[in-house]
Amino acid sequence: MESLEQIRERLLARFPDAALTVIANPGPAGQPSLLVGSPHAASIAAFLRDDPALRLDYCSNVTGVDWPDREVVETIKRTVPPPPPAAPADPSAPPVTPKVIEEKVKRHIPGYFEVVYHLYSMALKHGPVILRTRTADRTDPASLPSLTPIWRACEFQEREVYDLFGIRFTGHPDLRRILMWDEFKDYPMRKDYVEPDDYEWEPTPHGAVLDKARRHYPAPPESR
Amino acid sequence: MTSPAAPSSFPSGLPSSPGAHVRAVHDDFHGDLLEVSMGPHHPSTHGVFRMIVTLDGERIVRLKPVFGYLHRNHEKLGEQTTYLASMPYTDRLDYLNSMTNNWAYAIAVEKLAGQAVPERAEYVRVILAELTRLLNHTCLAGFLLQDTGCSGTPLMYAFREREKILDLFESLSGSRMMCNFQRFGGCRLDPTPEWLAAVRQLVDGYGRFLDEFEALISGNEIVMARTQGTGVLTPALAISAGVTGPMLRATGVDYDLRKVDGYGVYPRFEFRVPLGAHGDTYDRYMIRILEMRESIQILRQALRDLPAGPILDPKAKNRGFRPKPGEAYGRIEGPKGEIGFYLISDGSPNPFRYRVRPPSFVNLTILEDMCLGQTVADAVIILGSIDIVLGEVDR
Amino acid sequence: MSLPGQLSVLFPLASGLGASSPLAAVLPASDSALERLPLTLRGLLTGWLPASWQWLANSLIAIVVLIVAFASLFALLTLAERKILGRVQNRPGPNRAPLPFLNLRTYGLAQPVADGVKMLTKEDIVPDGADRVLHFLAPIALLAFSILTLAVIPYGRLLVALDLDASVLFFFAAGAATELAVFMAGWASRNKYSLLAAMRALAQLISYELPLLLSVVPVVLMAGSLSTSVIVERQGEWWLGFLPRWYVFTPWGLAGFLVFFVASLAESNRSPFDLPEAESELIAGHLTEYSGFKYALFFMAEYFGMCALCGMAVTLFLGGWQAPLPFLSFIPSYLWFAGKLLALLGVFMWIRASFPRLRIDQLTRLAWKFLVPLALINLGTTAFWSLTADWAGLLQPLRWLIAAGLIAGPFLLLGRNLSKGLGPRTYRYAA
Amino acid sequence: MLGTGLLQGLAVTAKNLVGSFHDPERYVTMEYPEVKTKLPENYRNFPFLVHDDPKDPLGSLRCVACTICETECPPQCIYIVMDRDEKGKALKRPKVFDIDISVCMSCQICVEVCPFDAIKMDQHYEIAETNRFQGLLLSREQLSKSNAYYHQLHPTEAAAVDALLAEQKAKQAAAKAAKAAPAAKPPAPAAPAANPPPPPAPSAEAPKPPTPPAP
């Protein structure tokens, strides 16, 4: 299979105004992914599915990821040129290595929602190509294009992402809650989700939960 | 249902099932339709699962699956516990196949952390995974035939054999169903020679059980009448809907991750991948029976070639495990289909994002397509042949 | 038939006045004491009454004995069914209920008692908005009709509660009414599952009443009577001096028996035709909203119906109370009947343990496209058999061959047509 | 021919019906309360705490209240409070050690992470309780079981653990002896005597951390 860079090149040739970024994966798994801008996501997905060299006909996994606002402290290594030697070079002295200074830079990354699609090809038996789409920020209602018209496999998984992350998929034929009940209001997989404080009394020895339980049930239901 | 009725058709250009024309017919045409809510407390929905079935006589004109009754936000739990502590939770996804769930999770974490696995552990994992496949397919065949109204006989035969496998799991891992056996970089315990001998004995006897089971069922005219030609799934729809596992192969698509990904030591074994031609319920049943026969072959080879050596990588770390930032998607061919775990690490002891790709959940997508135009009785069998476990669907 | 005879059909009370009433009949003295035991006992009980009262007392005794005997058989059968099902499934079946007050476990023999107590003490729930009257009447109607069907079966020599000239007709008329009760139950429950079950029950009734009746017609033709007692008497001869001449041992009889057997499985809602109560899709079908004693009545009626149909099959095809071999005639006739009945019931249970359930369209297709044509063709075979009754010598095997061909040919052709497109498959493997 | 498959099926069920009377391969039912299966050695069901001295079950607990198991427990069902003397000095033994077995899922992770072999898996499975709330919250008194009991449940594993502990003890004693004679040689780089014994080397069963963290 082509590398992700090559795929990106071909996609850019086809969709010149599409926003496409390859996102590196720093971990040992080394599976980079392709960030696709929302306006072209559906047509790019259709291209990936139908392109004879790729034929990514199988969308295995659809995931939402909630990236909250974060401060990233990045360590930037900077090479400081060594000071000019005061004395004439001593051949026996070790060569002066350039000094490396580590600087800590704080960077604020605004939060966003992300949907990750893992694509494989059943016809050509290769993969994965990882697609990502991102919202601009974490404000409600977050909205992203649905890929269900391209891969039916997204139908339930996008519904799940909608249910748990609150990302609305435009173009989804049947966007309803799937795991939570219909009357449920919040989106539980968001990082800032606050659990409801309505525990049943339980004999937990743990301080925090016990406090909560006490607030609701001053005495255990059947204290013996 | 309080929510408004779902749009009755999918966008054009989407591969659709043979029953799709029924979907297009407006309900007014049928006159009075009967809406039956099958479940969540129903004898054959395999757990707390509900199907809102609209019937024209006994024919299904609409079917909406409703689930989530068992939802406990498994993925949130995974984000709030350490990598190791998620392992016992994966047992509880698909509680029939804890060994393969463990393995899929271990593979994802090993990818994430770049952890090597000793050879002996890989072989033991294959043995356990194939035993799990036998276990799952045996159970499924029993449940499926129970759904056709067999008064429990095939189910009891299936459970009789399943108990033998569970006994093996119990004597190895300490628990019958919640094995919690795999670790990042190997397995928790080394199987003893006595245990391996017991596996050998089970493997030798399993073919006989399958023969008897097939004599009871596979040639039975009633079973054939009930299952052949019902719940047909086309290969195009199956691929598009991300259907995996025996269900996909029953439609004739050759896609087995053991061959495609060749994870673990599977490339070293000789086995065949049975393929169906019709994609109906009978094919889905028979493919599983044939897969069991292949599993027996794999088990024989794995038991023969099992090397000596450590069972857990010496560098493996379970407590205080903090993989480097990054992400990984690990998947294996579970008995129900592709079970995958998608992990994003931010360098902390807990995964930043922990996602399960559950095969039964995705396979349920095409339940309605397969059921349209069939009768209520078929819907029950079709659901049975999808092979869902609600612990995994609802997570 | 004479006028008093007709009267006796219409007004059973009138038959008691005639001397020809079977209840007043006496067995020939040549029979053993054991054979005459039931009649002797009855004579002891009612012999001292004046003749006009005797008839009434005898009828009451017959009713009580029938109900008590079949109620205890029902208790035994529920246990036997669970035991057989258990053993087929490699488990012991119920074996824990101790005998009341004794704490003695006798292989689960007390299980029916425990079940009965449980059923009687359960709350009787009627769904809100259900048709209370019909909901209440359905089990009663079902049980009543089931008991009616039991009345015309000859349980032994001269042991029949109601010896009508047209008892076969009576049997099927009463038997058909049981399905009405199922429909009542399904309709009155105000439950969608029950309603579906009721619709299924009606479809099943209409489909299977026909082959059931058609399979009986040859027997009636050959016996020349609609009376069950006469039909049994006709099967009492011996072929070559020792082979029983039961109807099942003729080609048309075998075919008729098989059709009757399959149809009676369907009529009694037994697996593989237990669609009205298909537990995997319809929870419990028409029984979904029944509990407690009403449920027990349903259960009981179902077993009564099963016993009646098995009894009828024994009567019509398996020689009724006749012994299978001449030298075995010393065993009383009613014991032979009981043995055959239990064996047939055992086969019912065996089948239940082995087969899955058909779908409703397949069920009706089996009836209309297989059983009905087969039964009709069987009628022709019977005609052939009766026309060639005087063929002897070498013609005799020829007669058998032709008759067997007349049965087997259509069976194979119809069977092939029925299972078109179905069959074992071969599978390919990925390269 | 129509019906052959059905007859074949009937033959199988008949074979099983007869087989269930004489063939133990087929008749696998065990009548539970009277007959019990022999549990495999590895069987696990709920943890218990090991103590060494049967006369002093609470004082001789191996547990040092390090709370590793408490933090690692996936369903968070363990609750530990360290025992302290009047001055607030840690006594390296638990004052409270509660396990809520209505929450516990018997995953054995506490056993795996324990560096002191103090917590082990029990095999007691008949734990029905009438008191839903307090009956399933086991305290340190209920959890404390003797080493002999442990040997009875898991003989192989217990023997290995005992050998390991004896080895550690010997090492500790050697270190102590070395410390007692500081003049002879510089103090060994062993752990101070006051510290708990160093954890065992990673074994095949459960990898142990290199150092026990401070409580």
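Read from first to last, the chains carry the letters A, B, C and D; within each, the first residue is number 1.
Keep this in mind: a residue touches a chain if its C-beta (ideal position, glycine included) is under 8 Å from a C-beta of that chain, and two chains touch if they have at least 3 such contacts.
This structure is a prediction, so every number in the text was calculated from the model and none was measured.
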Chains touching both chain C and chain D, listed by label: B
Chain located farthest away, centre of chain A as origin (C-alpha): C
Centrality ranking, top chain (CA atoms only): B
Which of B-C and B-D has more C-beta contact pairs: B-C
Where chain A and chain C are represented by their mean Cα positions, the distance between them in whole Å: 69
Distance from chain D to chain A - Cα centre to Cα centre, in angstrom: 39
Chain B and chain D, separation of their C-alpha mean positions in angstrom: 32
Euclidean distance of C-alpha centroids - chain B vs chain C, Å: 45
Where chain C touches two or more other chains, by residue: 88-91, 353-355, 419
Multi-partner residues of chain A (each touching 2 or more other chains): none
Sequence positions of chain B contacting 2 or more other chains: 153, 157, 160, 216, 219-224
Interface residues, chain C side, partner chain B - complex: 85, 88-91, 192-193, 195-196, 271-272, 274, 278-283, 352-362, 419, 421-425, 427-431
Complex interface listing, chain D residues touching chain B: 2-6, 8-9, 11-13, 15-16, 26, 28, 40-44, 68, 72-74, 105-109, 112-113, 121, 202, 204-207, 209
Interfacial residue positions of chain A with respect to chain B in the complex: 25-29, 31, 57-61, 63, 65, 116, 118, 122, 125, 128, 130, 149, 151-153, 155-157, 160, 164, 171, 173-174, 176-183, 188-189, 193
Sites on chain D touched by chain C in the complex: 1-3, 6, 9-10, 12-14, 16-17, 19-21, 26-29, 31
Touching residues (chain side chain B, partner chain D) in the complex: 81-82, 84-89, 91-92, 153, 157, 160, 163, 167, 170-175, 178, 180, 188-190, 212, 215-217, 219-224, 310-312, 314, 316-320
